[in-house]
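Working notes for the structure below.
Letters A, B, C, D, E, F and G mark the chains as written, and numbering starts fresh at 1 in each.
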Amino acid sequence: MSSKNNNSSSKSKNPLSILMASQNSQILLRLKDGTEYRGLLKEIDAYMNLILYDATELLEGTPVAKYNEIFIRGNNLLFIKPDASQIM
Amino acid sequence: MSSKNNNSSSKSKNPLSILMASQNSQILLRLKDGTEYRGLLKEIDAYMNLILYDATELLEGTPVAKYNEIFIRGNNLLFIKPDASQIM
Amino acid sequence: MSSKNNNSSSKSKNPLSILMASQNSQILLRLKDGTEYRGLLKEIDAYMNLILYDATELLEGTPVAKYNEIFIRGNNLLFIKPDASQIM
Amino acid sequence: MSSKNNNSSSKSKNPLSILMASQNSQILLRLKDGTEYRGLLKEIDAYMNLILYDATELLEGTPVAKYNEIFIRGNNLLFIKPDASQIM
Amino acid sequence: MSSKNNNSSSKSKNPLSILMASQNSQILLRLKDGTEYRGLLKEIDAYMNLILYDATELLEGTPVAKYNEIFIRGNNLLFIKPDASQIM
Amino acid sequence: MSSKNNNSSSKSKNPLSILMASQNSQILLRLKDGTEYRGLLKEIDAYMNLILYDATELLEGTPVAKYNEIFIRGNNLLFIKPDASQIM
Amino acid sequence: MSSKNNNSSSKSKNPLSILMASQNSQILLRLKDGTEYRGLLKEIDAYMNLILYDATELLEGTPVAKYNEIFIRGNNLLFIKPDASQIM
């Protein structure tokens, strides 16, 4: 678990702006109830409300449903893995 | 699960405005307690309070009740599938 | 489940104003804990605090109590069925 | 369950002002955890914080404790039955 | 349960100011998780954060711990019995 | 449980300022989930976010982990015992 | 558990600024649901939203997943151990 080489000059970026920069890329997210969604992050706002395209709903890692487009309310969010392309 | 071709110039739209644009179309929504509602999105505001017409209440996918008109309080919302016409 | 014919010019109404317009008519509401109340909506404010007259409390559809007047705190609300006259 | 005859000109009253008008009368209230209190509403503010005099605590309708004076935090409130004199 | 004789001219007092007036007297309070504390109310603010002196922690009425001084976060509060001197 | 002799002129102090004055002394705190932490209160802000040094995590009174430094989010807090030196 | 020698002149630092100073170092954090994450704190904002690099997800101390980058919503946070380098 070696840490990446980070240039410490990048402190001006904040966590949300990094999420904003993940628009149009594949993400994985987990809600507070444990449900996970994998899909293309189409839109996200400052409240972490977001739109996923081609989303797969996962329960304990198993796909249980698919949605071509889904809006998820930000306040239910636990975490977002910004770049999920390599684990799909 | 190939991602749609998105023109990256559309970043000005936010998630809520996409929901607003879904008024008068069929949606599917899930509440935090797992209950789902399918119906015509008649009105929605910035708090995600919304009015559904011809709504069907679903428990684990099974219809359990029908409402010709129903107001749902936004803070209970987990997700909204904006265009539910093809899965009905 | 055919959708009603809506004139799309009515987009200025918001969900809460539709609730406000339901004052003095029969409604059905469900709280987050599953309890339901059926009665005459006498008053409602922007926080969805409301007063019901001649209210019946329902547990899984069965009447368990009656109140000639009851104040319900809006933040407990799950949904409101604005016109409950035809299901009573 | 016939509705009372309401003069529709009284729309200016809001739910909270009706509660305020119940000061110095007997009320019944239920908290989110199901506990109920019956007593004289001595004071109530806009957050629904309130003071009851001669309060009886009820669990599933059975008296379990008495308090000559009790302050109840408004955010725990589920409902208030404004006039509980006829059910005591 | 006869109600006390209240002069209706005292409507200017609000519930919190009555709590404030209980400083330096014995109170009993219950938290949302059911735990109760009995002690001298030393300080209380508008968020109902408070300091108790010589506090006894009670589980279902049984003393389980003592604290010479304890700060309790107001948002956990269910109720406060302002004058607990006669039940100690 | 005799109450301390308090000069009633000290009403200007509020609960949080008493906590602030406990910086650099030993405290005991309990979170909403029942976990307790004992340690040196190094920093605390108005939201009750705080830093403990040399902290011991306790489950039902039994030490389960130690942290040389730990940041605790204030909104999880149930209570703080400001001076825990005599019970350690 | 001897307390560190703290110069009491450092009272101007607040808990969050100490977290901010932990950017680019290894941390351990626990969420309200008990899940823990260990990794490099890349970004953190005033709401305690944060980005971890090379994160390991732990359930009761056992690694269950790894994420090269993960965004965690601050409101789920229970605690952060700022310097986790010596326990890894």
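Things to note:
The working rule: a contact is a pair of C-beta atoms (placed from the backbone, for glycine too) under 8 Å apart; a residue touches a chain by one contact, two chains touch by 3 or more.
Predicted, not measured: the structure shown is a model, and the values here were computed from it.
Overlaying chain A on chain G by C-alpha atoms takes a rotation of 50 degrees, rounded in steps of 5. Centre-to-centre separation of chain B and chain F, using mean CA positions: 45 Å.
For the pair chain D and chain F, the distance between C-alpha centroids works out to 36 Å. Counting partners per residue, chain C has 75 as the residues that reach two or more other chains. Following neighbours round the ring, chain C first and chain D right after, the list reads C, D, E, F, G, A, B. Of all residues in chain D, only 1-4, 6, 8, 11, 13-16, 18-19, 32, 48, 74-75, 77-83, 86 touch chain C in the complex they form. Chain E meets chain F in the complex at residues 23-24, 26, 31, 33, 38-40, 42-45, 49-51, 53-54, 56, 67-73, 75-76, 88.
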